[in-house]
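Quick one: the structure is below, questions incoming.
Order as written gives the chain letters A, B, C and D; numbering starts at 1 within each chain.
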Amino acid sequence: MTRRVTLDALNTMSSAEFVAALGDVFEHAPWVAEAAAKARPFASVKALHEAMMDVVRNASADWRIAFVAGHPELAGKLARAGEMTDASRAEQGSLGLDRLSAAEFDRFAELNGQYRSRFGFPFIVCVRRHTRDSILASFARRLSNTREVEEVTAVSEIGYITRLRLVALVDGPGAPKTDGRLSTHVLDTMNGRPAAGVAISLYEVGASARGLLCETVTNADGRTDTPLFEGGPLRIGTYELQFDIGAYFERGAMATATPAFLGVVPVRFAIAEPEAHYHVPLLASPWSYTTYRGS
Amino acid sequence: MTRRVTLDALNTMSSAEFVAALGDVFEHAPWVAEAAAKARPFASVKALHEAMMDVVRNASADWRIAFVAGHPELAGKLARAGEMTDASRAEQGSLGLDRLSAAEFDRFAELNGQYRSRFGFPFIVCVRRHTRDSILASFARRLSNTREVEEVTAVSEIGYITRLRLVALVDGPGAPKTDGRLSTHVLDTMNGRPAAGVAISLYEVGASARGLLCETVTNADGRTDTPLFEGGPLRIGTYELQFDIGAYFERGAMATATPAFLGVVPVRFAIAEPEAHYHVPLLASPWSYTTYRGS
Amino acid sequence: MTRRVTLDALNTMSSAEFVAALGDVFEHAPWVAEAAAKARPFASVKALHEAMMDVVRNASADWRIAFVAGHPELAGKLARAGEMTDASRAEQGSLGLDRLSAAEFDRFAELNGQYRSRFGFPFIVCVRRHTRDSILASFARRLSNTREVEEVTAVSEIGYITRLRLVALVDGPGAPKTDGRLSTHVLDTMNGRPAAGVAISLYEVGASARGLLCETVTNADGRTDTPLFEGGPLRIGTYELQFDIGAYFERGAMATATPAFLGVVPVRFAIAEPEAHYHVPLLASPWSYTTYRGS
Amino acid sequence: MTRRVTLDALNTMSSAEFVAALGDVFEHAPWVAEAAAKARPFASVKALHEAMMDVVRNASADWRIAFVAGHPELAGKLARAGEMTDASRAEQGSLGLDRLSAAEFDRFAELNGQYRSRFGFPFIVCVRRHTRDSILASFARRLSNTREVEEVTAVSEIGYITRLRLVALVDGPGAPKTDGRLSTHVLDTMNGRPAAGVAISLYEVGASARGLLCETVTNADGRTDTPLFEGGPLRIGTYELQFDIGAYFERGAMATATPAFLGVVPVRFAIAEPEAHYHVPLLASPWSYTTYRGS
C-alpha cells in the first residue's frame, strides 16, 4: 500500500504488473483488476476507477454477492485476527474502531450480527466518510432496507472505499484529488471589514462526547490561511465551530458590556455530503450574529 | 423572614414594631430601621428602601465602615458557625456556596482573606445577582480597586441585597416587584411565520460545568407562554439557549439534507445587568439563522 | 350611511326598521336583510354578517346570479351616472378610480367589458383591500377562471365589501373591528438596544408611480407610537419602508465612513393578506442589516 | 493622449521624448516631467508617478500655487473656450458636466466663484472618483477648510487625476492597474445554496435622479461572471442594487404568498473609497434577507 505509481505507468505496464499494483484495491478480488486491465489506457484515475466498478457491477449476481460477502466485518473478529488487507485496516482505524470500549464493541458486534443474519453479507461502509455516530445511524437505517437496496448500497460503499484507495495509490501527473472541504469567514458588521485575529476552534460533536479537531485564527481577510479541512472526504456528522468574538471586539475597545453579550459564539451544524464544500461564515457585531451555509 | 407585611401596616405601626419587622433587613444594624421609621409614611417600597439606604450613606464614616465590617464573610467560618442572619444564609445558599468542593472552598477562603487584609472589611456581594463564575470575576476585579471605590461598592451591594430582602418581606397593595427578565422568540424565515413547537433548553454555562435551568416549547406565536425567567434579578453569567430547529423543520417536511444542516442551534450569551430585560430571538431557516439582543 | 347604530338596537328593532337600517349593505338587495332579520338576536356583528351571507349563499342559483349581476361596473358608466349606492361610490373612490386618466379609464373599461362578456356579470372586487395594481392583476388572473370559480369569487368579494359596510354602520358595545395591521421595530445591533429617533417613511410602490403614505419616527423602544397602519384592511400591493439609519448612527457618532455605507435603507415588500398583521422589523448596524416578516 | 507607451520605452527614451510623452500629464506643467526624467529608470508606474508628485510637492510654495492656479475651472468658461488639455476635457465630461442644465451650471459656477475668491485658485477635484452629488458635497465641505488644508487637498486631487492619466498612457509589461471594484453574491438560505439566475440591476442614486448603470444575472455560484464594476476608481456616491428575489423563488415553486412578500429587493449603499473593493452580498429566503459589506 505504500508504493505509489503514476497513471502513465499503470497504462503501460504488463497485465500482471497492473494486477500486482492494483489487485489489493478491491478486497480479495484481483479479478477486478485483471478485467479492467484490458480496458487500458485510461485518461484519468476517475476513468480507471469507473472501469473497475463496472467490472463489479457487470459481474453475475452470485459472483457479486460472493465478492461483497468477502469483505471484513466492521470491528469484527477479523480486526483482531489480522486477516484484513492493510488498506481495510487503516480505514477502520481512522474511526477509532480499534479503541472501542467493551460496551461499544458489543453494540457494533450485535448490529453486525443482525445485519449479516438479515442480508447474508457483512455491513460495508466507507468509514472515512463517517463518524461513529453516523455509522450507528447508518446501521439503524440500513437494517430496515430491502436486500435489493442493500446489495446496491454495499457496492456503492465499496465504490467510495476503493476510490480513496486508488487516490492514495496513484501520484504523478493527473493524480486524483478527493473532494471535501470545510471553510469559514468572519465579518465584523460593526466596522464593515473582515474580522482579523478571531480565535476559532472546531469540534466534532458526538452523541456522548466531543473532540477538538483543530484550532486556528482568522487572517487579515477574516478567513483562515488554510481551510479548516480539505484533501479528503469530510465525515458525516455534527460539528461545532467556536468563534471567540468577545475577545475580538474587546481588543478593539468595542465591548459595550461586562461581561460582553457575545463571548465565544458556538455554531453547530451537520455535514451530510462528505465530498461537498461546506462554507460556514459568521457575520458578527457585539450584539448580533448571522451564520449560514455559504459557497 | 417568613411573615410578610403590607406597606400600609409598616406606615402605621409603632416605631418598635417597625424595627422588629425590618431590623433584620440590614445586617446587625437595627439602627437603620430606627432612623428610617421617622421618615414615614412612605409612598412605595422603593421610597422606603431609599430612605434606609440614605441612613447608611449619611452615617459617619466610622459608623458606616463598622456596619460594612459587620457583614459575614462569603463562604467563611460564619457559614458553618450559624452566625449569619437567616436572610444572609438563604442568599449565599442560592449560589451553592454551601456545596463547594474543598478546593473551591479554599479558593474562596483565600480570596476572602486577601480582600479583608487589603480593605479591612469582608467582601460583600449580592449573590442573588451572580453565578459562581461572576463572583470569582468580581473578586479579581475588585481586589485591584482603591479602598474608596470598594467602600462605595460594598454599600452599593448592600443596597442590592437589602432591596431584595424588602421585596420578599412586603406584600399587599403596592408590593414591589424585582426586575430582570429573559425571553425569546423564534421566527421561521422560510415560511414567514412564528415557529411553533420548537423545543428550547436554557443552560447556565460555568467555567467548569453547565447546568440545565429550564426546558420549554414555543407556542403558536413562536414565544414561550411564560418568560424563560422573570420575577427577580437575573444572575450575571454566561448562558446558552438551545433551539431544536432541526426537529421543527423536519416536522414540516422542510429538511433538505440528512442529517439536517441545522439541528440543535446553541446561542450562548452573557448577562451583565441583572435587572434588565434580555430578549434573545432566533430567526431561522433550514440553512441560516440570526440572533441578537432584542427588546 | 352616516347614522350608526348599536348591535343591541339592531337586535330589538322591528323587522322594517332592521331592513331600513341594513337594507343598503347588500347592493339593491333588501331581501337579504329581510331574511336575516328572522334569525335575530345576534351575539356579534360577525354572526350578523355570517347570517346575511348565508342568505346569499342559500339563495337559488338564478336569484344569486341576478344579485351578483346587479352590482355596478367597476369604473363603468354607473360611476358617472350616479346610480351607485352611496356605499359603493365611497369604496370605489378610495382607489382613485374617479381620478383615472383617459388611458387608464379605457383600460379598466376594456377589462370590465371582457369580464362581463365572458361571465355575464360585472367584475366585483372589494376595492378597499386593493391597490390599482392589484386590481389589474386580479382582472388578469380572474379572467382565466371558470364561471363556477368566478361565481364563488364574486360572492366572496361581496362578503368582504359588506363586512366593511357593517363595521362602518355598527357602533356601541360589541362594535366590530376590522383586522389588518402594519408595524415595524428597529434594533441597533451595534449597541444592543432599540434604535430610537429613526425617521421612517412608508410608500405605496405602484407599477408606474409611488405615493408617500406616512412619515414617523421610532420611540425609545425602537417602535412607532402607533402602528404604521391599523383599523381596517391593508391593501394588497407593494410597499416600501425607508429607514434613515445613516442619520441615526451619525447622531451617535458611530459613522465610520463619509458618506456612511448605509444611509436611507429601503425595505420593499408586498402585502397579500389584507386582514393579517405584517410586522417588518429592521436589525441594523452601520454596515449590515437584516429584515424579515416578524410577528 | 491616444498613443500608449511602455514603461521600458519611457525609461530609455531621451529626456525630450520623455517630456513629449508625459508633459501633458500635469496640466500646463512640462517641468514636472523634465525634473522626473532625471530620476529614471523607474521600476513601476507607481514609482514614476510618485517621483512626479515629489517634484510638485518639493517645488517652492509660489511655484506650486501657480501650478495649482493653472488648472481649469470646473465647468467654467474654459470648458466652452476649448482651452483645456484633452485629458482634462475627457475627465470633466465623464461627470456629464457638459450636460448641466442652466440652473445646475449656475450653481457650479457660483460655487467655483466662491471657492476661487476664498482660496485664490480654482476648485480641483478628480471627477472620475465622483458623482455629481459628491462633487457638490465636496464643494460644501472644502469651502469651510483653511487655505493650508486646501493647498494640500488640491495637490492630493491632482495626484488622483495624474495617476489615472498615467495609467491610461502606459501599457506593456508592468502596465499599472487602477483599483476599485464592486461585486455581489446571492445566497439562498432556504435551500442552503447559491441563488443562480437572479436578475440584478445596479443604479446610481442621485439627489434628483437615478440612472441605470448595468443589468446582469447571477451564475451557478450566485455571483456575476464579471464584477459589477472594476478596472478603475469607483465614484463616491450612492448606489442601489436591485435583486429580483421574487422571480427566483417563484421559479423554484417556493413562493408562499401571492404576491410574494419579497419581489425586487433594493439594497442602497454609499461608496466612500473609490479605490476599495465593495462586496455587497445578499442572503435571502422568501421572507427575510440580510445584506452587509463583505470582503
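Basically, a residue touches a chain if its C-beta (ideal position, glycine included) is under 8 Å from a C-beta of that chain, and two chains touch if they have at least 3 such contacts.
Since the structure is predicted, the reported quantities are computational estimates derived from the model, not experimental observations.
Asks: Could you work out which chain's C-alpha centre is the most distant one from the centre of subunit D?
Replies: B
Asks: If you tally the C-beta contacts, which comes out ahead, C-D or B-C?
Replies: Result: the pair with more contacts is C-D.
Asks: Taking the mean of the CA coordinates per chain, how far is subunit B from subunit C in Å?
Replies: Chain centres of subunit B and subunit C, defined by C-alpha means, are spaced 48 Å apart.
Asks: Counting only Cα atoms for the centres, state how far subunit A is from subunit C in Å.
Replies: Each chain's C-alpha centroid was found; their separation is 56 Å.
Asks: Please list all residues of subunit D that touch 2 or more other chains.
Replies: 187, 189, 192, 257, 261, 283, 287-288, 290, 292-293 - these are the residues of subunit D that touch more than one other chain.
Asks: Based on the touch definition given at the start, go ahead and assign the chain network to line, ring, star, complete or other.
Replies: If you draw each chain as a dot and join those that touch, every dot ends up joined to every other.
Asks: Given the complex with subunit A, which residues does subunit C contribute to the contact?
Replies: Residues 187, 189-192, 256-257, 261, 283, 285-288, 290.
Asks: Can you check the complex and tell me which residues of subunit C touch subunit B?
Replies: Touching subunit B: residues 185, 187, 189, 192-194, 221-222, 283, 290, 292-295 of subunit C.
Asks: Where on subunit C is subunit D touching in the complex?
Replies: The touching residues are 134, 137, 236-238, 240, 246, 257-266, 268-270, 272-273, 287-293.
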